[in-house]
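So, here's a batch of structures to check.
In what follows, chain A forms one complex with chain B and a second complex with chain C.
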Partner chain A sequence: MLEVKGLRKVYRSGSREVEALRDLTFTVDNGELVCLVGPSGCGKTTLLRCVAGLLDPTSGDVRVDGKAVDGPPPGMAVVFQEYGRSLFPWMSVRDNVELPLKQKKVPKQRRGELIEQALDAVGLTGTESAYPWQLSGGMQQRVAIARAVAYEPRTLLMDEPFAAVDAQTRADLEDLVRRLWKRLKVTILFVTHDIDESVYLGQRVVMLSSSPTVVQDELVIDLPAERDQLTTRADPRFIELRTRVYEQIQTAKKNAGK
Partner chain B sequence: MTTARRADPARAGNPALLGVAGLAGLLLVIELAPRLGLVDERHLPPASRIAAALAREAVSSAFWVALSDTLIAWALGLAIAVGAGVLAGLVIGSVPVLRALTASTVEFLRPIPSVALIPLAVLLYGSSIGSTLLLVCYAAFWQVLVQVLYGVADVDPVAFETARSFRFSVWARIRHVLWPTALPYVFTGVRLAASVALILAITAELVIGSPGLGNQIAVAQASAAVPTMYALVVVTGLLGVLINLLARTGERRLLAWHQSVRGEVAL
Partner chain C sequence: MAVLKKTVVAVALPAVLFAGWYVLSAGSQNFYSPPLRTILVAFGDTWSVERLTADVAPSLLRLFAGYLLAAVIGVAAGVAIGLSRRLRAAVEPVLEFFRAIPPPVLVPVIMLFAGIGDGMKVIVIVFGCVWPILLNTVEGVRAVDAVVLETARSYGVTGTARITRVVLPSASPQIAAGLRQALSIAIILMVISEMFAASNGLGFTIVQFQRSFAIPEMWSGILLLGLLGFVLSLLFRLAERRALRWYEGLRAAQRQS
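So, the complex of A and B:
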């Protein structure tokens, strides 16, 4: 279980202070897929970095399975938006996926199995020896997802992972995330600025206000578990839910303007 | 480079062929100028006589001893400078306090021309190989250090955070993120340092008289063996070309993944 309680982050540079996050509280249950959506510049990435233990919050705390996060916790993997910079260009696809496993001291044979399974799961069998920069953007992000999956995390954080890929690839990758989530039973916190994406993917959507950020609203997505790009997105309930999220985000923006 | 390749091939001609033609032209000028009396033959002998002197050198053992002396001083000095430069660069570069602390000192020490240290080298080591090494190391060290500092500063924050999020140890972060990022810079540093090291090795031998090609050039000059002197100068030039070529080949092999080497890629 992932708990975020009273999280606040203030950036200081010299005498200037910017309050990025004001007061955030929400939880993600084990095995849940929660989407965080908010207007651009609302501190989504700051929040995610605090949850990942990459950034110390000014106050409040983050707990994973009851343990306070004060550095990257074990059993957590992060998929960054900038796949091109997150993958190491000096390593082949296979080595990129393998390196975190080596760091985790997974035995060699097991590493081989995990790599094969992970690459197969993201549909990249046969690209082991390629370098990331020889692949298309969508394939690179698949490699990053495979790397995270092979790590066998209990919690998977995804920071706007599909913001930089084209719309068709994005639809494929969304379905991939749903499939992996169901199969691996991981907890996923998925950060996005795309309202449709958040409704399509999530079991629950947490909406954030504009900066300084608080939780604007939460919405349970009561769509059937089997989703697909055509029927789900045409479902009247989907449209109803996305409208609700859209309205909340608009309200958040308006309040920020005042 | 791409634009050069795209230029009209008929007008551009074969670059290798043109290069050879240029070299042949230069040799021809050096051959003819003294023979036509345009320059004094005592100061610039014709190319053919320089070549003959070079052939004589190639069979003399003193020449090969001098060549190996120069190469040893060059290689040893370069190795020490690269080792020290890389180590210092990685340490200074990854500790912001150290970097701030040393920045002004580096900027002060770096521009001191190595040749200004010749009196010090003589005081410390006389005309032994130690003198050459001191000058070579000093000149080459800064080239490497500065490049490594740039390299460490170039580490991608996303790559670094990726490593952190997967709980890489400090050593693993250096080994798998910092070092590969800095490597292209290290190579640039080594390439620059290799050329500078050769210059300083020859200079030290020439001025101080420590054993090596530089010393042989001085001896040839003092004994009025002008063609031999030129022949030795040609050898030092060839060494420079060879060293640069080696460094570039090594760079291309080891950095096949890097943007500057891999070029445009399909997909």
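So, the complex of A and C:
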């Protein structure tokens, strides 16, 4: 279980202070897929980096399975928005996926299996020896997802992973995330600024206010578990839910203006 | 066809210069600039196998010893300084000072400590070569992408693997630039240190020829030095291209998008 309690982050530079996160509390249950959505500039990435143990919060705490996070927790994988910078360009696709496994001291044979399965799961069989930059943007993000999947995480953090790919690729990748989540039974915290995406993907959507950020509202997405780009998005319930989220985000923006 | 064209373009100017020198110097009566024909004859006579092993081999050994030592020291110190802001703040002014000293000035000083043997020459080469390698490594390490480092951290790529698999490869284009600069400095310092005090070596031999007015032989030594530098930089470029193939590809891919 992922618990975020009273999380606050203030950036200091000289005498200037910027309060990015004010007071965030939410939980993600084991095996749950929760989307975090908020207006742009609301500190989503700051929040995610605190959860990933890459950034120390000013106060409050993050717990994974009851243990306080004070550095990247084992069993957690992150998919970053900037796939072009997150994949290592000097390594082949295979080496990119393998390096974290080597660090985890996974035996060689098992590494081979994990790499093959992960690349197969994201539909990239046969690209092992290619360099990431030889692939399209969507394929590169698939490599990053394969790297996360092969790592066998219990928790998967995704930071606006599809913000930089085109709309069609994006739909494919959304379905890929749903499929992998169901198959691997991992806990996923998915950060996005796209309201439709959050409703389509999540079991629950946590809406954030503008910076300094608090949790604006939470919404359970009671859509059927089988989701489909055509029927789900045309479902009246989907439209109702996305309207709810949209209104909350608008309220958040208006409040920020005051 | 393309390869042939490239070769012709690359060879054309050297060939013209060579032919020009040959023709213009053919009737030269000047004692100090003999005809190229005479120099070439001297070249064949002077640089026999014995001479190559007696004078060129020791020079090359000093060159490689100094260069490799400088590379190891420069890259190791560069990584340490590049990764630590505090260390950088402490040593940067000192580095700038040492870098500003022209290494040949130090030859007599180093001679006082290290004598006139191979050690002195290697130290001189190290002292001159280490700065471009060190400073380029520092820059390369500092420029490692923050997302790359965060990715490594979140996937447990820490300790030695972080240095060898992430930081060094990421900084390798800059490190290679430093190594390339250092190579030409190494050749210069090899010759200079041998000119000061030595009992063998290319620099020593050229000075000997000069002092004994063996002018065509002296010119042939200079020609040999030029050829040596050319071959070394060619080898370096080949090695660099192989090692940094990913970087060339990445840049080409970025230009396209």
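Odds and ends about this structure:
Everything below uses one rule, namely that the second predicted complex is superposed on the first by the 258 of 258 C-alpha atoms of A that agree within 3 Å, B and C clash if a C-alpha of one lies under 4 Å from a C-alpha of the other, contacts with A are read in each partner's own complex, and residues count from 1 in each chain.
Definition applied: a residue touches a chain if its C-beta (ideal position, glycine included) is under 8 Å from a C-beta of that chain, and two chains touch if they have at least 3 such contacts.
Just so it is clear, the model here is predicted, and its values are computed rather than measured.
Partners chain B and chain C, once the complexes are superposed on chain A, run into each other and clash.
Contacts of A:31 after superposition on the shared chain: neither chain B nor chain C is touched.
Touch criterion met: A:78 reaches chain B and chain C at once. Look at A:112: by the touch rule set out above, it reaches neither chain B nor chain C. Contacts of A:86 after superposition: both chain B and chain C are touched.
Contacts of A:151 after superposition: both chain B and chain C are touched. Looking at the shared chain after the overlay, A:60 reaches neither chain B nor chain C. Common to the chain B and chain C interfaces on chain A are residues 49, 52-54, 72, 74, 76-78, 80, 82, 85-86, 88-91, 99-100, 103-104, 131, 133-134, 151. Contact residues of chain B toward chain A in the complex are 156, 158-159, 161-162, 164-169, 172, 176-177, 180, 183, 257-259, 262, 265-267. On the side of chain A, the complex with chain B involves touching residues 49, 52-54, 72, 74, 76-78, 80, 82, 85-86, 88-91, 99-100, 103-104, 131, 133-136, 151. Within the complex formed with chain A, the residues of chain C that make contact are 145, 147-148, 150-151, 153-158, 161, 165-166, 169-170, 172, 246-247, 249-250, 253-254.
On the side of chain A, the complex with chain C involves touching residues 49, 52-54, 72, 74, 76-78, 80, 82, 85-86, 88-91, 99-100, 102-104, 131, 133-134, 147, 151.
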